[in-house]
Each structure stands twice: as structure tokens, then as C-alpha cells.
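Each of the next two complexes has chain A plus one more chain, namely chain B in the first and chain C in the second.
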Partner chain A sequence: MKASTIVVAIAVIFIATAIYYLENKAPNTHPVEFTAPFVFGRFNVPDNNPLTQESVLLGRRLFYDPILSRNHQVSCATCHKQALAFTDGLKTSVGVSGIPLKFNAMSLVNLMWGPQHFFWDGRVSSLEAQAIEPIKHVNEMARNIKQLLMELNNDEDYKKLFKQAYGEISEQSITKALANFQRTLISANSRYDQYLRGEISLTPIENQGRKLFMAHPDTKVILRGGNCIDCHSQFLTSGFASKFDGFSNNGLDNDETLQAGLFTLTQNEAHRGLFKAPTLRNIAVTAPYMHDGRFTTLEQVLAHYNGGIKRSKTLSPLIIEADNIAKTQIDHISLNLNDNEITAIIAFLHTLTDDEFLTNSAFSNPFMAASDDD
Partner chain B sequence: MRNILLITLAIVFISGCSEPSKTANIAATDKTETSSTAVIEQASPESSAVNIEETQAMVLLSGLPTLGTTDSIAIIDMDPDSANFGDILYDYPLPKFDAPMHHLYYSPTGRLYATGLGSQCSLAEIELVRNAKAEPIISNFECLNTNGQNVGEDIMWHNVNGELTMFVTFMGGSDLSQVDTGTVGVFNAQNNQIIKIIEARQSQVEPGQPYIKFPHGISAYKDRMVVTSSTHPTMPAEVGNTITIIDLNTLEPIETIVIEDAKPVGFPSSPVEVLFVRPSIVENVTPAILVNTLFGFETWKVPYNEQTKSFSAPEKLYDGATSGTAVPLEFYGNKDELFISHGVPGVVKRYDLKQLPNLVSSGEDIKAESGAHHMIFYKTAAGRELIAIQNNLLNLGDAKDDDPTDIDFLVKLNHHSVTVHDLETGQRLGEINFKEKYSKGIDNIEALFGSGFTHHH
Partner chain C sequence: MTKSSKNTVNMSTVNKKIVLGGILLLALMLVVVSILLRPAPQDLTLRFHPFVGDKPLRLNTQSYKNPGGEGEFTIRDFQLFISNIVLSFPTNPIYEQESYHLLRFDGKNTFGQLVIPKINLSNLSQLSFGIGIDPKANGSLMFSGDLDPNSRMAWNWQVGYKFLLLEGTLTVNNQQLPLVYHIGFDESYSELNFDLAKEDMTGNGVINFKIDLRRLFQSSDTDSKQLTNLKPANKVEYMDMSEIPHVKFSPDDVKAIAAGFHDFISLCDLSPRREFSPCH
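Let's turn to the complex of A and B:
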């Protein structure tokens, strides 16, 4: 073999190796930097989906892009609007089919802290797993994933963004990007957050509501309480991280009408009628309330706990027991709060609204932002 | 505080302090009725991911100039089952002040504070946050304006007329040069602004009138607060022997009560820490004040009549001089027991909480090390209940050689260690000696999530 042939062969091998390396090397990503309140607790980001600037950029675009739906008219943001703390204001959401879904849209906030089980009935165990469900659901986005991947591959912007974030376009990288964008939806500047940091004082009625919120009533020591904290101890984040803590039956239905709830996942009868206690952050802007959106106002919610509880076999014992007057009728369950106390609790709930979060441009529709720039 | 060191020299000699024990037991603490609920208000962490942090503690560390180290706040792995036990997980260097920071406290709303033994920073707020790796880090350390009050000791948060209020004892008061100095600072708990400085120097009040002198321990029940009179921070001869009651309706001292009997080392008793035993600690208890006397070696009870708002004559409950202990320091409590640390010989005694305000033993002493002082309570990931005891009195040292700890007579009270024990059995499970491991002294320990005890002050 001639020397020139050898040289050419080596050059070809070198070039091929270089091309292969360049095409397959891990993307050069940059970590997202932030600080959050210590008291939110520790959080975990999956090792196989580090929180990078590139993945968040991609996830934000996907979140707002109706390309994820069959008819190109429904995006994640259709049911998760920033101004409503990423809810939609509907009793239950409506997707591509036009058929109302079973559940009220959950707020998306502080999702890094808490849940091992997502959705009202806890049916998935990670943000990544959660992200794909609406895309595939026949009534929500009804997207054929193969077709979606084809369309994304035909989009030069997406090709570039996926390459930078994950190196490739795949179902996994779609869900990872959506999950990471949602992880960045951090809210920590409500009036209550500011109060905790010592930056402001609450008004007297807000403070009264705060104390009621935190207290389990005890008539023996004349401690009045709203009993809220018993189920909503993780009210500043997105729930509990341990097993099924945070799921409870809050007395919405009797045994005859009890819905499946956590039973859907566990097939355990003791879990029938148990739903996730959601975050209460920004609760004033996330009406209607409950998993089925049956209450349109916070006043209705408080009225429920103050006399509308329906007894069932899995009703939370904390709700059964809580009463601000010594129980005289064992069958009647009520907090027995007075009107002033109800007003105070609602005033406190309003301190959980984080206007900065609701208007943070980092969480807004990037297509609108680009349009505004134009 | 420097005079404490001198006096403890005498104590150690007189009490015949023995060699540090090689086995140990447990102890516990007790905190204000409000501060223990602090972190709860901020959605206390509960996940399994958090468990690794439930076995972490914050410590105030003093640099040892002769060993080339400087002051810092550190987070330590306190899990004796961990390969990283005793490791510093995070270290925040502190500015150089004229004296070490002394105590850490979480407020009822979860804010972190520290008192300091000097004049340059006698009270500070520490901002604790998490970074993007979820790690706790300190983002800010701010010395607060005390209007010239020196030598901060204890903090208590208490509701006064419906407002959460922060009270701080300043042993050095507003003027360290006065022989009867000492103040109680009253602060707005939200914005840290001073509401009032409670000052009533003995030389400035009429004979027989209540006074405040070298206040150290602090506790409260409803509208009555008690502070101790311990020792002058810079004048060794000036030692107190009283407690003073403050009316929280007026923020004025109303009664000074002598807490003294024998003087085992020839000095006044020096009441140090105090606990107002109250129904929030023990259901249906008849309220009373418990007082430890640093140089009297005793624990006293002062009964309180809630109806007449009057205090009865003090009763001595425990006599260390006849029981082989000295330098009683802290009260800590959990749901079942009250724990009292004794610097000499380095033990923590445990008592049945339900029997308070009387001291009825609930088990054998926990054998720590000389200088047994502050404590934390926590659980391992496996659910084992532990107590960690900081064995170190003070890192003030000898000014003439600028060495905060390498002083012979302090060796007996500055073991520089934290010992970890099984709470139930007292068995020692581990020891971290900060001087040996990090060339630093340890001033205080607090669990990362707030102490794990329910009663302190």
C-alpha cells in the first residue's frame, strides 16, 4: 500500500471520528443558579435530569407551545395560566376533545419541594412522568408522540434547543424539559414570605387568621383554631415527599358518592376518597377549589369546613375531632368558627399571593415575549 | 464573662474535678414556649430527603489564634452511623469581633439569631437559605443595633399584649465600666428594632427596690418574666446572687429575689439559667421558677401563685456541693424529661417532666465530658433517638496571650467536644473533638431544624 493511501485512510478515520464525536458528545450545559428559603426543606433533582439553563429554556418553550396537542390549539399553558398561579379558572379543565376533564387544574408552584405523587389522586411519581400524561391523554392534548417527534425534528429552532439541552429529540427529553421548567416555578415572595423574613408586619386580622390557620382547636385550653395546618403543613410548597402523607379525605362526599382518589393508585379501600392536600400558595387566585372545582370562593371552602363536612368511612379523624366548642352532637362535624374568624383566615390566605411570581417574565409565554420584542 | 473563667478555676480546684469520663449519657434542653414552634410555621421539612439534615447541627466555632484558626458558623454531620460523622459540611467564616458569638436561637417564625459576648456584635441575625444544590448556606450575617448594649446572652420570644416580642439579656448592659451593669433589651420581633432597654442598676434605685444586674438566663409565663443576675463580664469580683421579676405589662422590674445558701467556693451564687415551669410545659402544673446557680452548684425552685401573682420563698432542690457536681448550666426538656447539664464533672441529669417543678430523677446521669453545656435532640434515619451534648464552657481565654482556650484551668471545663448518646440508655455513640479535629473551640450547638427540644427558658 502506498504511503499516500495510508495517509488518506488515516485522515478519513480521523475526520469520521471527529464528526462522530461532535455529533454525539454530551451537550455543554450550564446549571441553573438560585437560592430559596431554607425552610422549604431539601429537594431532589433527578440525577439523569440536571437542572440546566438549556433544559429550562427548552421546557418553557414547549410548555407554551400548542405543538404538543393534536390540533395545535392546546398547550400546557392552556390549563396552567401564569396569572392564575398556573391554574385555569375552570371547574375542571377542557382539552382538545372539548369534554371536561375529571379534575380541576392543579397549581404549578414550588414543585421541587414535596411530592412523590403527582396529580390529585397521586397516580404518577415524578414530574417527568407527570409531564407526558396530558400530552397523550385523549381528552387533553391527544398527541401522537411519533408525529410530535417528526414535527419537532422539522423545526430548526427546536432542533437547536434540544441539541443544546439533551443532544437529541425524544419523548424522554420532552418530558425532562417540561419537568425542569416546572421546577423553576419557585414562589417565595408573598406577603407571608416577607413576613417570615421580617420585612413586613401582617395586619391584625391577617395575624389573627395566621394564628387560627396554625392552630388545632382545643376547648380544654380555650385555644381556637381553624385546623388548617393539620392537613396543609406543607402549604408553602407543593406537598409532602413521604409516601402518601398529605392525602386525606376532607369530607366532600359521603360513602355513597365517595370518589376513588388515591384508591386509583393503591387499590386500598382505606385510600378511597383521599385526595392530595394541595399547596395553598396563591390560593386566592386559583379558584375554583377542591379536586373537582366544586367551590367557587374561599368563603364556600370555609363554609364547608365549618358545617358542610360529610361523614364517610375514610374521613380524616383530624377533621372529625376538630371543634371550637365542646362537642354536644357527636354526629355533627363543624369547626364552629365565627364569622370574624372565617374572615380572618381568608385574610391570611390572601397573604399567600405572590404577585412577583404571577408576573415573573421568566415564567411567561416566550412566544409572546418574542412578539413583544418585535 | 472573663471573671467566670477565673472563678471556675477555684471551682475546679475546690470540687476536685476528676478526669474526663470515658463513657457518657444524655441530656436535653428547653426553649421558649414560642420559639420551639418556629419552624413549624414555615412548613417544617418532613420528607425522607430531609432526614439526612435532621442529623445535622449548626455550631458556633471559635478560632484559636495560637493554632491559626478563625471564628465561623459550621454545619456538622451528627449521625454517628454515618461515615461522615463529625465532618464539617459547610463553614461560614465570621468577621473578627472582640469576643466570640455565643448562642444560636431560632425565632418562632424560623429566623436565626446569635448573641455575642463582646461589644462589637452582641446580637446578630443570620440568613439561612438553600442554594441550587439544596444545600443550606448562610447568605447574610448582620449585627443588629442594640443601642450600645454589650455581651448578649440569652434570647426569648414571648407574646406581650398580643405582640410577639424578642427579649435579650445583655450581661454587659449599656456601660461595661459600671460595677452593676446589665440590661434586658426589648425588640420588635419583626423588624429587630429596639422597643425599650430595661435597665435598673442597683446603685441607681432606692434600697430595697428591684434591680437588674448582669442578666443572663431568661424565662417567662404570661405577664411575668424572670432574669438571673450572674456575673459581671469584665470584673471578676462582681458576682450576683439574685433573680429579678419583670412585669411585662409595664416592662419594669418589680421584685428581686435572693437565690443563695451556702457558698461552696466563697463566691456569691451566680444564678445562671432559669426556667419558668408552666402549663405549656407540664399540663396542669403549678407554675414555679427553676434556677441553676453557677457558683452555688445548686438548683432552686421559686413557687409562683398565679392568682395573686406572687412568688414564695426559694427552696433548694438540688445541692451539687454534696452530690459531687458543680457549675450547673442549662435546662432543656423534651416531652417526657427535663435535663440539666453540670459542667463538673461533665454530666447531664435527667428528671421526670411530669413531676416538675420538683426534681424527681428519671434515670441515670448521662456521662458527657467536662464543661457539659448545651444540647440538641434528634433522630437518626433509622429512628433512633439521640442527644448530643456540647462539652465546653466558654472560649474567652487569656487576653494576655490572645489565646481563647489554651488555658490550664479551663482544660477542666473546656473539653472542646460534642458527645453523642443514645437518649434512652445514655450509651455514648460518638465524640467529635473540635480542637483536635479542626483546631477550633465550640461555643454552641443547635440542630439544623431547630433543636428538637420543646422547653428551653
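Let's turn to the complex of A and C:
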């Protein structure tokens, strides 16, 4: 009697342990293998979200699935279209409410490098934290997370994909998967990249534009410059990664109309009106420009820096000071580039277009790919 | 008798055992004590307190007198590369690896600092480091220490790094003039040496330095840098910022500002009896 009780008890414990182990065992995942130019530099992936093939597969499906929105009509890809380097071509984006948002959709590219503060005002500091905001935002996807989790749990495909990637369906695993898919969006085969690798030469006008891009003008040594490099790093062409070095007030508004920008996050008056310097990769296909999409062409952007700058308290001294004519006038801020130089800079900006990135099937809509196969 | 003699023999054996055991125990204690007393490696912190003359640097909010002219200026950002740190001891010196540190002054603290972990600090007699980036690293695309060709301190791969970045605004008669000092070039790389006395390092391994930004604007009409080094602060003549508000690529201007690299960092004198460079 006593012995049989012990045997039964041991058996029960053994079975319970086995069930617990099988249920909670970490999923068997495979790391993503990818390459990036060494000149992009170091990058970090959060320890609690390793870049696995399973998470990217799941993230890609979620990115393209309108299930993330309340009315099942808006997905991430609604505002981030691959052909437009994951922008939407609108002045500011429109979600489920139909009310235009405050900001222009940012291009999603090379996100592991450059500033690790996301959104134009830098208000979150990881891709995981970024991913949940549009899903919940009343004007973007307006999704009730409990309801979303319920619907995902009723979907056999998602149940399987989540299990393989993270073991469970949860808010955290949704944002982790979306973050990891976006981490794989690497653009490194533009004509500029090919030039850096020594594979091609740029045309004379593109090369003139490259030199202007990379130079802060200095009339004392007759160095002409477009001053782009003061905010856009030489290889990534994004803002700078360290602290808030990637944020700048580039003279879009005067003090009366200056928006909060980075001040939203830091509550530091010196940060009022500072916005994230975006990557310029694929810039030729990501119009309109600036955080509020106010400029429709690159010509307008260059015209802004060439005489359209508005003064405000936090305007970058680098912008005020940068001038290709020895400073004679204090009031009018301009790079004073000539027409030929403006054409050259725009020609260089076109070398940042990466057609392979814009058409890479690994980044495309997986639902479309499935129906193409049928 | 036999019994008693046997007892004596036993006693002496026991005594021997006790003595032997005592010696062993004592030896063990000596070993333990010597291990405990051996100086433990600790972190060395080089802490830099930025000043403009005698006023502590406060970004954006505090204004300072134009060192050699009219008006007042504010600083919105100040960053500086410290590199190739060498720690000298009576025995072998320690060369820090990947020794490229970007000092920033926009954090929560008023000072900028760098930490060299796990060093045996006893008998540290001399410290030297470079201001800027040595020519070899400056001409490369390597990612080492804080070097990053995609950072704000990089110009482009043909020009190298800014060693010092100082940006702000000079206001003269209600006119605002942007101040931009981006000081680089191989020729500007400067090595500084500091002889250390015991009191220069705090118990928790911190060495305090003062950075005096005003020293960057001392007039270099004296041909020898050593001369200015010997001059007390009140005898130094300074430049008018409005006459040299931007320094980027003009070699003469870069040289004029970088000449101050030799003088603008000094050990803090924390003891009240000393006269120069207090840090608090």
C-alpha cells in the first residue's frame, strides 16, 4: 500500500515535470545570417530578442497583415511601402480614423545603425517600443491589444509561427517580431555603396555633389560645401548615433511656430524644435520631405538650405555659419550655393537609391508572394 | 616510573604536534593576510571639470565674457577626444588598449569622465594622454574605442576627425554671431604629461582635471608655447572671439586655437592652500 503510493507519486511528479518541460522549453530557433558593410560600424540587438529566422518570418507576416488594425484595413505596410523605401508618398500618413497624422512616414532602412531613438521626435529608444505605438494609436491602427491577441490565438498559422519564434502569443512577442523584421531591412547596394567598394565610378557631376555633401564650407581656404555632413553621417547618411547628436533644428520654423520635437522627450528647452536627421538612403523615392512633409521635391529641400532658413532660438549655429560666400550679411542665412552645385548635390542624392533593396523579395508582402505561387 | 616516563614521551609528542600545528597555522595566516593586504586592482577614473576661466561651464544657460573683446558668449556643445593613455609606474608602464575616449559634457553631471577598469593603482607616478587622435588612427576608418567614422566628430574619410568640437553663440550689441570651433588635423595632436603626487588621486581612484576653455583663446603672439605655460592666468592675453568666430579648415586659425591644447587641461588642486586651478 505504502510502496504503491510512493510509486504513483513519483510517476505523477515525473509526468508533470515532463509536461512542464515540453510546454516551456525555449523554441528551437535559427539565427539570421546577414552581411553589412563594415563602414556602417557596430550595432546592437537586444539580448532578449535575438535575431532569429523564425522571428523575422513572423514579423514580416505581421508587418503586412491588416489584422493589426481595428477595422482590418490598415497594416504597417499601408504607410511603409517597399517600393517607396517603406514610406507612403503622403505629406503625413493616414490611418484608420482618416485624420491625417502630424508626421511624415519615416523610411525604414538600416535601423540597427544611426540614432537608436525612434520617431521624428525620438520619443522611444528601441524598435520594440516603437512597434506598439502605431498599433494602439487612435488615428493609426486603434487596436485593442486583448482583442488582437484573441484573434491571433484563433489563427492556426499565427499560433504555429508564434510558437516557433517565441513560444507564445503576447504583446511582447508581437513587437519583438516586428522589430526583428525591420532589423533585416538593410540597404547596402546603391551606386554610392558600389562606388565605396571600388566597383564603379561616379559621374563627374555626382562626384562633385559627393564632395559638396561631405564638406562644411570654409571661405578662408576656398572650400565649397553643401554642409550635409554636419547632420548626415558619411556612410550611413543618417543622423549620428551617439546620445542626441542625431537631432537638429534645421531652420524650418521661427520661434512662434516652432514645434516641440525632441523637447517632448527630454523637457530640455535647448531641444525645442530639434527633429531626427533622417537617413538619406533612397531619398529620391521618399518624397515628400521633412518631419511634416512640407517639401515635395529635392529642389525645394535644397532651396530651403540655400536661403529659406528661418531663425529660432535653437537653430543650429552650424547652419547659420555655413556659407559659401564670406559672411557679409547677418540677417539672411544661406549656403549661397550656385545652381550647378545644387544640381550636383541632387545628382549625388540619386546615387543613394538602392533598387535591389526596393525590390528585394525577402522584404515584400508574404501574402502576395503566396498568391503568386498559386 | 615507566608509566610516568611514558607519559613524558607522550607529552613531548603532543607538544611537538601543537608547535608544528601552530607554525602551520601562523604560516597560513601570513599567506592570507598578505593576500588581503595586497593592493586590489581598482577602477581608475579620469574626471574632467570644464570651466571658462573661473566659471564652471554650463551648456546653453550660462554666459561668459568674450576673453579678448566685447560681448558675451554661450556654449551649446563641447566634445573632446582624449587618447593613448599611458600610466607610468616605477616598474613597467601600462598602455591602455583601444585608447580613444570621447569626453562629453551634456550628461547629468557637470563633468565628463572616462574609466580605465581594474588597474593596480599603487605607485602610479605619471599619467600621459593625447588630445585628439594620433595621425595613424585619424587617417583610418577603424572602429576602436569611441572612434566612429559615422559620428558627429568625423568629418569625412579624407579629412579625419574633429579633436575638439565647441559650438555656441557670441552676442555683441544685441547682434548674435554663431561660434563654430571644429579643431582637427594631425598637426594639432598634442601629448600631455602629468606628474602625480599621492594627493592627486582620491581614495576611490579618481583623478580630477580642470579644463579651461578660455585657454584656447590665448594669443599666440609669443612664439614659444612654453612661455604661456609659465605665465599666470592673469598675465595671458586673449583673442577677441568676434575676430575668429569660426575655425574649421584654415591651417593658421586651427594652429592658433590648438596651441591652447598644451595649457587648457591641468590637475585640479583640491587642497585649499594651493592657489591655481581649483575645481570646486
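Here is the rule we use: the second predicted complex is superposed on the first by the 354 of 374 C-alpha atoms of A that agree within 3 Å, B and C clash if a C-alpha of one lies under 4 Å from a C-alpha of the other, contacts with A are read in each partner's own complex, and residues count from 1 in each chain.
The criterion applied here is as follows: contacts are C-beta pairs under 8 Å (C-beta built on N, C-alpha and C of every residue); 3 or more make two chains touch, one makes a residue touch a chain.
Bear in mind the structure is a predicted one, so any value in this text is a computation, not a measurement.
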Fit or clash between chain C and chain B when superposed on chain A:
clash
Between chain B and chain C, whom does A:T35 touch in the aligned arrangement: first, second, both, or neither?
first
For A:N44, decide between first (touching chain B), second (touching chain C), both and neither.
first
Have a look at where A:Y195 lands relative to chain B and chain C in the superposition and call it first, second, both or neither.
first
Partner chain in contact with A:M214 - chain B first, chain C second, else both or neither
both
For A:F240, is the partner it touches chain B (first), chain C (second), both, or none of the two (neither)?
both
If we overlay the two complexes on their shared chain A, which of chain B and chain C does A:A270 touch? Say first, second, both or neither.
second
Which of chain B and chain C A:E321 touches, first, second, both or neither:
second
Clash with chain C (superposed arrangement) - responsible stretch of chain B out of 6-14, 222-230, 330-338 or 402-410:
330-338
Chain B/chain C common contact set on chain A:
38-42, 114, 214, 221, 229, 233-236, 240-242, 245
Help me check something: in the complex, which residues belonging to chain C touch chain A?
59-60, 76, 102, 104, 106, 141, 143, 148-152, 154-158, 167-169, 175, 177-180, 182, 245-246, 248-251, 253
Under the touch definition given earlier, write down the residues of chain A that touch chain C in their complex.
38-42, 113-114, 214-216, 218, 220-221, 223, 229, 233-236, 238, 240-245, 269-270, 317-318, 320-321, 330
In the complex, chain A residues that touch chain B
31-44, 51, 114, 195-198, 200-201, 214, 221, 229, 233-237, 240-242, 245
Residues of chain B touching chain A in the complex
39-50, 52-53, 109-111, 125, 128-132, 134, 136-137, 139, 189-192, 279
